[in-house]
Structures are given as structure tokens and as C-alpha cells.
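In the two assemblies presented below, subunit A is common to both, partnered first by subunit B and then by subunit C.
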Partner chain A sequence: MLVKNLIPLAAGALVAMAIAGGASAATLVYCSEGSPENFNPQINTTGTSFDAAFHVYNRLVEFERGSTKVVPGLAESWTVSEDGKTFTFKLRRGVKYQSSNTFKPTRDFNADDVLFSINRQWKADHPYHKVSGGSYDYFGDMDMPKLLKSVEKVDPYTVKVELNEAEAPFIANLAMDFATILSAEYGDVLMKAGTPEKMDQEPIGTGPFRFVSYQKDSMIRFQAFDQHWNGKPPLDGLVYSITKDPAVRYAKLKAGECHVMPYPNPADLPKMREDKDITVLSQEGLNIGYLAFNVQKKPFDDKRVRQALNMAIDKKAIVDAVYLGAGVAAINPIPPTLWSYNTSIRDYVFDPAKAKALLAEAGFPNGFETDLWAMPVQRPYNPNAQRIAEMMQADLAKVGVKAKIVSFEWGEYRKRAQAGEHQMAQLGWTGDNGDPDNFMYVLLGCAAARPGGSNIAKWCHKPFDDLLVAAKRTPDVAKRTGLYEEAQKIFKEEAPWFTIAHSVVFKPIRKEVVDFRISPFGRHQFDGVRLN
Partner chain B sequence: MLRFILTRASLVVPTFLGIMLLSFVLIRLVPGDPIEVRMGERGITPERHAQLLHQFGLDRPLWQQFASYVGQVAQGDLGVSIITKSPVIKEFAALFPATLELGLSAILFAIVFGLPAGIVAAVRRGSAFDHGLMGISLTGYSMPIFWWGLLLILLFSVQLGWTPVSGRLSAMYFVEPKTGFLLIDALMSDEKGAFRSALRHLILPTIVLGTIPLAVIARMTRSSMLEVLNEDYIRTARAKGLGVFRVVGLHALRNALIPVVTVIGLQVGTLLGGAILTETIFSWPGIGSWLVESINRRDYPVLQGGILLVASLVMLVNLAVDLLYGVLNPRIRR
Partner chain C sequence: MSAEIRDVPPPGPLADVWASFTENKGAVAGLVVIVAIALVAILADVLAPHSPIEQYRDALLVPPVWAGGSWSHPLGTDDIGRDILSRLIHGARLSMIIGSIVVTLSLVAGTVLGLAAAFFKGVTDIAIMRLMDIMLALPSLLLAIVIVAILGPGLFNAMIAVSIVTLPHFTRLARASAMSELTREYVASSRLAGAGSLRLMFMTVLPNCLAPLIVQATLGFSNAILDAAALGFLGLGAQPPTPEWGTMLAGSLQFIQRAWWVVSFPGFAILVTVLAFNLMGDGLRDALDPKLKR
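So, the complex of A and B:
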């Protein structure tokens, strides 16, 4: 289907170029925010690095551009066994690898490349495992070592993956950046030449753009890959002009020195909207900012207290004052862009009188004293945790709750919150794979409620957890949707969190950029984009 | 002279060790380690954390880490970046020419405009030019670099469209870095127009980085000249009927230059400090933004190595300035 879409696009771009008098080839300049660590997403953790390598590679499955939907990539199709533990992938034939000055591929993509890419991260005895530091954080974070039982090549175009337990979100994991497919042949060539680390610095993949050059802190250049299996992308060239300061990125966008910029200063947005050369795209981010109540500590073990506090804090005031139009009030623990978001759930209404009554009922007519943790850093889902904490503190004081604001250095903060040292703590999450499991199971499941786990409410509620586990076990999306919708109801009733907001992501682009879509994952994707 | 050089050079070793110790300790006083800083909300298990610390040798006692670091540096090895895994010296070598190009251009700008301005102000002491220059130089000296840079960008790049906003070269050109000095590389390349583009990209950063040194040099030249112009031998020269240019240009300037040269030497430190901000504003791929990032990411080897290299350069320049006194004033040579 994508091929069908791309052909008219490419044709349109050619026509446009012809009209423009065959002007210089269509090169899009993207003012990126920083330098990548390297060009292999398997060993990266930052969005900046993922962006820089994204177009060079493909994955077995891909996220559809601008959505969280998983579509075929290098795997044309796949089947899942009855028990949900065995995945069989049919690989696409005739997929070419890019070439460079040092490497000319002699064969097409096949199952060996899939095994190479997974085993490099998985098997400690793989010749590439220790190359470039050998740290595969995302592979570990997504629990792949625990999940994978075996990965086998059935024939050159069939790969069978067996899991230790049924895990429906596994497919979505394979669309993530860490699941990038490298070239095993390139690996062999480099190993023989004694320069294996070049694999991560001079990338070769099957993606829509070929890597040309990189100058640290300055520029990354890509060229359209003519032989891409999905057709040559409409753009001829792609340049990342590394520009760290948002005000300067804006100036470059205005001056026409770049076409797309990420992470604008919120204060610049009104001006950008007035500019006739600039379009500001926006989308709710795949994230959530929240205040977690530690249910293992008094008085938050009492549901009524948690509900009362949900009513005592003026959420709208916080979203208006702190997010400055770049956030929407959060009701559920997952963002509205995610499938299975339950739209029927109503949020607690801000009502201090009712909150006070509920507190009295729970045995705290005069309120109580508590701590209130605020992150020391700005995060995508929370632009100013300190300010939010101050506003919450003021609201809580009105119902008699005296909150003391506490903060630590970021690493320390996270560690202590995960250990459960707090009574109330702000934190948040940005989704990895567009699966509700990636929010709910990771942040609210019983397994994560252990000391050190990422469920910082330390809330383990069996009826809720059972739903999540059941949803993990079935690959049927309709069934899973029902389970997650039910789970969200329980979540709201039990109120382990005060859900604060989902941030809104803004992308200012120049008017001549056509069909740029905001990625829910924060990626910047240019393979279907055209320039007028 | 030789003894003078040797005395100065012998001071370099303890200074060097001091800088190593300082950069080593200071970055470790900043809370958070390179592993934790990289982790997002998910955090990291204590086992994995310990494993990674061990991998980078950060689990050993501090004195051991320092001792092995000193040993490493003694062999000319500055280590490998924790983030990019490439050797610190290689990264420095790739980025430093950009900083040097900008720094040289800025100091040249400051000298070319500052020196004559200071001389004229001294000769025409009390004139409108003198007052105007002193006022402007005070303004220039107190100008916050960040604000000044953005102001120039908004005026010259966005409003007037005379200069590019940032970067070193337009995305249209592709110049293979050979020397790392883009002006030279662009001249040597086949790309037509690349040199002009590189030059245009250099204008605003040069002005921004050169403003403070320009103000300092102009003021210093003026006061030093005023002092010299009041000396007896100048009066004698004038009485002998020598022309203004000969008196000011030859007799006065040469003596007045000594403190000015000192100040220019000291400006190297200021320039490197200013370069950090200037490079950030103009997306200039030099060592300034590289060092700042290494602090944010707690990339210990980069920060230690970077500071060490920069400090060595500042020391070298100061040594060169000391030697230059001798050239300017023969009495010091003896």
C-alpha cells in the first residue's frame, strides 16, 4: 500500500521540480537539535541519535508514518501461534542494501541479517556484541533477553522467533529503533578489515536515505536511496543542520535556511503562527505527567484520601499556567493518541469542599502533613515540576493538607522515587512502542510495584493487574482494547495517581514542506515528505 | 633569555598537574554519574548500573582512577568518550580548528579595529571621538554575548538577510574537511562559492566574539598611549620637529604596545570562554559546545581531556606573549 502511495508522490515531486525549471535537486534541511552519539540505534538511547540513523535503516515491521499503527517493513507478513509464543516472519525479497566507498553489497537482504541484528544485542559471544561499548539499553529495557527463547532461520526468507511467554506487544517492540536491521555482510567485511566499529559510524542499511557524511556539531548529509524497496523517496537529499539553540533554529527557519525545526520555545509559538511562511503543526505527545500517591504509606493507603486529593487540586489552572497552551489535562494513564484510550471516563471535578468532606470521612478532618516531590529537570511531559508543586501545595493547603516540597538531583530523584521513599511524587513517561501495555503494565502493574520498580505509586491492585496480564497474552487487538478500557475505569476509581497532563508537541515547518507528519514517538521522519 | 624560558617552562608541569586534578575532581562533584544521566524515566537496575560503572572503570577508588588517568595522560592517551566511544584527542582535533578559526578571526578583528581606535582616541584626547569610543567600548565590554549574538542575527540575518543565521557553511556546498579550517578547505575545494559562503558565515560570530576583546584593546591602547605621549622623550621628539606619524607611530606606539600585548595574550582565555557561548548561538561546531555538552552528559574523559588541552594552549600562548615582550622591548631581553 505504501508503494502505491509513494509512486504518485514521487511523480508529483518530479513534476514540481520540472516546473521549477529543474532547479537544484530537492534537498530538505532539518535543523536538528544536537549531534548523535553514533549511527546505530541498537546502542543509542536518545531521540537525537535515533533521528539521525532512522532513515538509513528499516525494521522487520514499521510504525506507519505519523501513527502508532504497526505495518509490514522488511517482514512482508507474520503469523502468531495459538499460544502466542511463536512468531513466524516471511521476509521481503529483492531488498537492496545501500553502498558506500568502502562497501559494495553482493547480496540482497535475507534471514542472516535478521539473526545478525538480534544476536548482536542478545548473545554475549556474538563477534559484534562488545563492539562500541556493547551496551544495548533498549533491548534490555524492553525485556528482550528475558522474553526471547530462540531466533531461528527456517529458510533464507523465513525467521521463527520463540518467546518464553506470550507477549502481544512484542510485534510493536520490533518496530522500535533498537530493532533496526543491520547488514551481516557489511559486518563481515568490517570485521575482516579490523574496523568493526565503523558499522556504527558509517551506517549501511536498507532504508530510504543513504548516509553520505557527518561532521560533528555541524551537519549530517543523506542522499535518497534510488533502489529502496518501497521506491525512491520524493526528496533527493536530506541535510541535518545541527543547531542547538531553539531561538537560532527559529531564526534559521524564518530566514529559509531550514525547512523543519524541532522543539521550539513555547514563547515563540504565537509569533510563528503569525508568520505566513511558517505552519505550526501540533499533536498530543505520547506521554503523561502525573503525581503518584505512594499507597504503601499512610494516609495514601486509603482510597478516599487519594480521591479527595484528586478533587482538591485545580488541574486546569496548572495546565494553563505551566504548560502555556502546550498541554492538555490528562484523565487516563495513557494519552488520547493511543489505541484503547477510554473516552467515556470522566475526570474528578475540582471541588475543595467535597474534598474536605471526603478527607473528614477518611479520618482527616484537619488534613495531614505530607511531602510532595518535584523533579529538578524539565521533561517532555512536565515543563516545570517545581512550579506545579507550588500550585499543588497552595491548593492542598486549602483543604488542610500541608505539603512540603522536596527535590533531589535527577538520577537520585528517580532512584529514590522508584524505591518508594516518597509520599507523593511527580514523574511521567514517554511511550516507547505505542502499545498501552507500555504505559499501564510498566507504570501501574504489580511486577513494577516492587522496590526499585517503575510503579512509583507502589500500587498493586489484583483486578487491575489481571486485566493487564490477560491483555498481554492475546494478540487480538479488539479483545485487548476491551481489557484496557476496563482497566482504565478501575484506575480512575482507585486513583493511585493525580493525572496532570499530556504535553502537546509543536513542529514549526516552512510552507513549502508538504506532507510532513508528526511522529507520536518524537521521531522526525522525512521519507514521504516533499518540497514545493 | 634561555634561563627565562626554562624558568617559565618549569612552572608548566605543576600547573598542568593542578589543572588535571581540578578538572578530575570538579566534574565528579557534580551529582549524578555518566550512566545515570543517560537513563530516562525507566531508570536502571543497580546490577546493570554497577556493571556499566565497572566497564568504564568508575567503580574504583578515586585516587586509583586519578593515578591511572595521570599515567594514561603521560603516555599521551586522553581516553575515550563515554558517550560516543571515540578517542577524546580525535574529537578535539576534529573540532578545534573551527574554534581556532573563529578565535583568530575574532582577535584579528579586535586588533584591526581596537588598536587604531585606541591610538586616535589617545591622540585626540577629550574630543567627541574619544568620548564616543570610550562610551561604545564600555557598552561593548558589558554586552552579554548571548543577547548580542541573537540581536545581530535578528537584524542582519532575519530582517536584512545579509548574513546567514548560523553554521559554518551553506547546506548547498559540500567541502571535505582536510585542514579543518573551512576557509582554507573551501579555497582548495572545487565547489564554487563555498569560500564566499564560509566567509559570510564567519562575519557575525567574529563580531560577537571579538566585541569584548575589541573594547579591552581599544581602552588599553588609549590609556597606555596617553601615558607614553606624556613622556619626556616624546616631547623631545616633537620639539625636534618630527611629524605626528613618526612620533605616534614609531616612538610612542612601540612602547605603548607592551601592556597591550599582555592584554591581547590574556584575551585568549576570554576568547575561549566567549567561544562557548558564541559557538552555541551560531551552531559553530567547535570545542566550546563540545565541552558544555560533556558536562551535561558527565562525559568525564571528554571534559578532563578537553580542559587539559585548552589549558595547555592558554599556557603556551602566555609563554609566547612573554617572549614577545623581548622582541618589543630590548631591555627585557637582557
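So, the complex of A and C:
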């Protein structure tokens, strides 16, 4: 597999060198949607920050570009024990670290770096644990502290990980951004210099691009890393030009000031398709947009009320008007492209009369008053939460439910929704690792229903949770599929959410960009991309 | 009406003002537009073809009638199928209410504060005027945002915020003209005749300070509409589904490339209304200020 990989890469490198020799260096400009909080994916939770740090680093295992398939990264191979609890990773040799003005690496990547990266997040007594706030949300949300029993260095190129319980999605989890491998040597140098927080601001990693500079709200610059273990990427430079407004991003793309832009306005797509210089790539997204009912608050503790609202809102109208055909109405909490999607489940039919009857049965013949939260920003799974809220408000008014639309600044919004301050709140999710566990357990499991957890319906239903935990413990995909299909039935019956839609993801790129692939996880990856 | 009054020789003071006002064509045009908008606002329920919040889900983003739409939605519909003409008509009512309430609040409060500062002088004067200076030092929209952030978003709170922000203009104007009036002989004679402070303030001095205040009120009307629209645009003013012009504009911004009518009409409505008030305010100032008269 190594040899297979090398031939196109070598060819690519030659072409790149020829181009670089003949013309100016190939620099791709990506009009990103916002400023990253920092450059360490271990302490981030937003796609914007993950994108900014992605190319600097590698992980033990990687997702193949444009797919959910897990391929070797810094670990060349691995073995799993019979009981599914012990993982032994063989590390790649001769992997170089990037250098910067302040740091010159003296050694190659080895097991110490893996231990450093995991222990920083795991062990409270690790010297770096408290640096930059010391909050490792993803590590915690993926249940790592509970799951890990020990991480040992067997020899410089072998790492053994023992788990407390078998966890089927474990390998896929290690390909996620939070499992990024930092440099232990860089950590030591910075600690001695007394500036440990620089690790998260001026990143050093083994990835295909080297960090050069960052100006908040303006741009991030990267340079190709020639000594990258997988060969120098075809591009010479990579620039993130930070552009918050989708209309401005479109204007810049049109003018050739950037090559790739994320999150276009759905309303602009027809115009973009007509433009000869722009190609609009699309892919069914690995995502879900939903309206969660807070089951810990009245009147949503009553299943009948939740079901009634599911019947009262016209989903088709929302998908037509707001997603503008770039989405499919959602039935289950996972998208249809994900394995174990239960196709036999029928959605609630839009029927205001029946909804009214059900509300009356639940003791609300004249409806009730509630709040309805709407995100202030455009998300990949929801192009315009405010408009959706207005449509829901109109539908709900017809069955007597008076909804007041509420919104906060985006960071505040997530914090308050996770704390469970709302009655009804819109939110959504883009998958991280292509496993149904990453949707259902994270968004609907009991562990995430705690205040501050990502289960914003605050719904903890024992039979449902038991199925999810059982599916986690077995590596057998057929058996897991059965368990998840059963769980989706319970979900629909209990109705903790009004599932809105799975959106199709669009990436407008200029025609000179070659081999850009849409990541199912919402990342923007440029290491194999070329420019004509 | 004007003709009848003008027939009476010699012209009274009102007729005199009217005569110089009508000389300014722009001001008359502004007045006509304002009267028209006021009528539309009063008769909104009769004039609007549809309910402003009814969503016609089989008619999303229908273009205006001359661009291929139909007569059932003369100015087209927005992205969730609400009739734009009906929303604009009901929005006119909101804008007029916003303007009247804001101007009334700040005119009354500003005049009282200004007169108090002029009459009592000393510490009262300093306290009031320095507070006004502080408020003037901050950009008005920024101050309004701060106030709304404290009170919470909503149409009523937005009106209070805009009234507070426009307060200093009225206060300064009232103080300045009251100070110059206070040195006049008629005030002194009124005082000698035994008039109390309140009588002096409101019966003797105030009527003679009214001219600049009326002009400021007219101009303030347009500022109030504009500021309320700006707050609505920022999501701090009227909350959905209220058909407020600024909110309509903000909600449809993403359609500027695809469906111009959703964005253009509310913007045009704001422009016309604000322009009309400014033109009329200008004309009124020329008419009321004897120094500017030819």
C-alpha cells in the first residue's frame, strides 16, 4: 500500500516542481468563515478551529480524504486483542517534525509524542493539562477518561492502549481532531522557556503544511512542509482568508481572490452554477438539523405533547423554503448515508387537527406558551435557523401554541442550550467519525443529558440508552446494526426531537482547483489538492 | 383651507408660515408623501390585501407583478411566502407609531430638562448638560444597542432606547432658546407681574421656543424610524413575525442576488419615508426661522 501511494505522489511532486519551476509558487486561497480560537484541536470544539489546525498535524490514524474510511496515519499498523480491550499500535519511523523560528526539532516522531498528546488531555497532573484553560471537551464527550485504562510505551515505536471496556468505534475516534499528535520535544522547550501556551498558538506538528502566521479576522498563512512523511503536498502555500459574510465570500470567489469557499448561501447557488469559472461540488452531508424539546421542562415531559408538535409542524414546507432543495426531510436522528439507518420507520404525518386533539388529550386544549430558540448563524446542517423558527412559529400558532423566538450570540447559545435553559431549541450535528454511535450516544445518550452535555433534549431514556451501550461493546457490525435500528424505533416513538433535515453540503470552487474532495465530516482538506 | 386663509388680508402668522412653506417644492412633496404614508398606516387593515404574517407556502419568492408575478401578490412574496405589500403597509403603521412615540417621549422629556437647565442654572444646569454631553459623546446607535442589551430586545424597548438616544438634541435646543428668551424684556415684565417659575417656564418662555423644537421633532421623526430600523436589522428591535421594515431587510439579505424584490422594497420604504420627513423638516425650518426668510 505504501508503494501504491508513492507513485502518484512522486508524480504529483514532479508536476508540482515543474510548475513551481516554470511559474510562481502555487498558493491556494481558502476563504474561511471565521477566526479560530487557537491552533490546538484538543481544546477546540468548532469546525472553524479544527480546519485551521488540521494541516499542521497528523493523527495515529487518518480518515481517507473525502471518505469515512480509516487509514494508517502516524501508526503504520495496529492489532486488537480478542476481547477488544487492548490495542497495540506500531508507529511509523522517520517522521519529521516541522521547525519554526523558535524551535528546531532534534529527533523524529516516536512513542513519547503519543503519550504526551494523550496524557495532556487525560492526566490532571500532566504539566500541560492546565495550559490554555485545561478544558478538553471532545476528549470528555467521547468518554475517553472513563474508557482508558492505560497507555504504555512498549518501545520507542510501539504503543499499547488498554481500555476498561470494549469500544467498537475506538479506532475511528482516534482519527478525530481531538486525537491530534503534538510534539513532546516542543512542549519541553516551551516549558523551559516559560511560555507553554505558545504550543496552542504557534503549532508544530508532522502534518503536510507548516504554520507561518495568523492575524485575527484577517488571514492564516501556511507553507508546504517538504519533509512530510507522505511527501511534500502539491501546493506550495495555503492561505486562509477569513471572510465572515457568505455574500462577500462569493464575490471574492467570483473575482478570483479565493479558490475555495465554504457555506454558500443556498439562494446564491443557481447563479454560481451558471458561472463558467466556478464549479459547485455537492455531497449529501453527514449531518442532522433538529428541534429539541427539553423533556425536563413542562409541558415537554409529556410524550403526547412532543408527538403533537411533531405533527403540527409542516416539515416539507421548511425543507422547500429554507433548504431550497438542498436538503432531505429527516426522519431518524442519523443521516440515510450512515450504516444502520432504519428505512422502515415512518415519520409523523403533518396533521394539525390530530395534533390539536393530542394536545387536548394531554391537557392543553388551548395550547400553551413556550420559547423557541434559533441559532444566530448559518450552520452546515441549517442554512437559516431564524427563518425556520418563523415558519414553526406560524404552524404552532395554528394549534394554539404561542412560541417566542429567542436567540443569543453563537457561543452563548450553545452554552445555554447545553445547560438546558430552553424549552425548545434548534441545533444540529455534523458527524465526526462515521459511526452511528457518534450521533446517537453523543446527542441522545444518558451520559450527555447532564447539564452542559450535548444532549440538549436532556432526554435520558433507559431502554434506548441500554441499546446504545450494548452496541458500543460489540465489534460485530451486523449485531450493532440491529441494535441501532431498534434504538431508532424507540427514538421516533418517544419523540425527544422534531427532526428537521439532512442538508446537502455545497462547496463552490474555482475551475483551476483540481481534486478537492468534500469531507463528510465538514473539514476542508487541501493536502492532495492541485492548482492548474 | 390654505386658499381661504390667504384670502383674508392681512395674513395671520400661520398663513404666513404656510405661504413660505409652500414656496419650497421639496417640502411640499415631503408633506404629501407623509400624509399618504399616514393614511396608509391608519387604513392598513383595509388596504392590505393579505395578513402580514400569513405564510402562503405554495407561493414562495413570487416576483412582483411586472416581473412575472401575479396580481394576488402585487409586490411579490418573501422566502416563506408572506405578501410583501401587506407587510410594507403594516410596517408603515409600525414606523409611524415608532416615530410618534419616540419623538413625543424625547420632545417632552428633552424640553422639560432643557427648560429646567436654563431656569435654575448652577448645579442643575451643569448636571443636566454634562450628562447630555456624555450621551452625545457616544455614537447614537452604539448607545441604543447598549440600552437595548440591558432592557432586552423587543419593539417597545427599542423605542425607549431610541428616545433616550435622541434626548440630548432636544435638551440642548430647548436650553439654548430658553436662555436667549430669558434676557428679553417681556420675560422680565412677566416676572415683575408676579409670575411663578412654572408659569414663566411653560406659559411665557416655552411658546416662543417652539419653532426650533418643532423642526427638530420633524427631523427626529426620520432619525427615530432609521434608528429603529437599524436596531431591527441587528435583531434587537421588533421580533419576528412583526413586519417591521428593518427586520424585513435583515431577514432577506441573503436573497439580494436571487430575489431583489425581497430586499429592495423594505429598503425603498425606509428611504422614501426618511427622505420625506427630512424634506419637510427642512422646509419647516426655513418657514419658521425669520432669519432664513427672503
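Just so we're on the same page, the second predicted complex is superposed on the first by the 325 of 532 C-alpha atoms of A that agree within 3 Å, B and C clash if a C-alpha of one lies under 4 Å from a C-alpha of the other, contacts with A are read in each partner's own complex, and residues count from 1 in each chain.
Going forward, contacts are C-beta pairs under 8 Å (C-beta built on N, C-alpha and C of every residue); 3 or more make two chains touch, one makes a residue touch a chain.
Source: prediction; values computed, not measured.
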{"item": "Of subunit B and subunit C, the chain that contacts the larger number of subunit A residues", "value": "B"}
{"item": "First, second, both or neither for A:317, with subunit B first and subunit C second", "value": "second"}
{"item": "Which superposed partner A:430 touches (first subunit B, second subunit C, both, neither)", "value": "first"}
{"item": "Touched partner set for A:494, first subunit B, second subunit C, both or neither", "value": "neither"}
{"item": "First, second, both or neither for A:485, with subunit B first and subunit C second", "value": "neither"}
{"item": "Contacts of A:215 with subunit B and subunit C, given as first, second, both or neither", "value": "first"}
{"item": "Contacts of A:247 with subunit B and subunit C, given as first, second, both or neither", "value": "both"}
{"item": "First, second, both or neither for A:113, with subunit B first and subunit C second", "value": "neither"}
{"item": "Touching both subunit B and subunit C, residues of subunit A", "value": "247"}
{"item": "Touching residues on subunit B, where the partner in the complex is subunit A", "value": "31-33, 36-43, 45-46, 48, 52, 55, 83-86, 91, 94-95, 98, 150, 153-154, 157-158, 161, 164-172, 174, 177, 280-286, 289-290, 293"}
{"item": "Contact footprint of subunit A on subunit C as seen in their complex", "value": "53-55, 57, 60, 79-81, 235, 239-241, 251, 253-259"}
{"item": "Subunit A to subunit B touching residues, read off their complex", "value": "24, 27, 29, 34-35, 37-38, 45-46, 132-133, 135, 137, 140-141, 197, 201, 213, 215-219, 221, 239, 241-245, 247-248, 251-252, 254-255, 257, 379, 409-412, 414-415, 418, 427-430, 442, 452, 454"}
{"item": "Contacting residues of subunit A [partner subunit C, same complex]", "value": "246-247, 250, 265, 267-268, 270-271, 314, 317, 320-322, 376, 384, 386-387, 389-391, 393-394, 404-405, 407"}
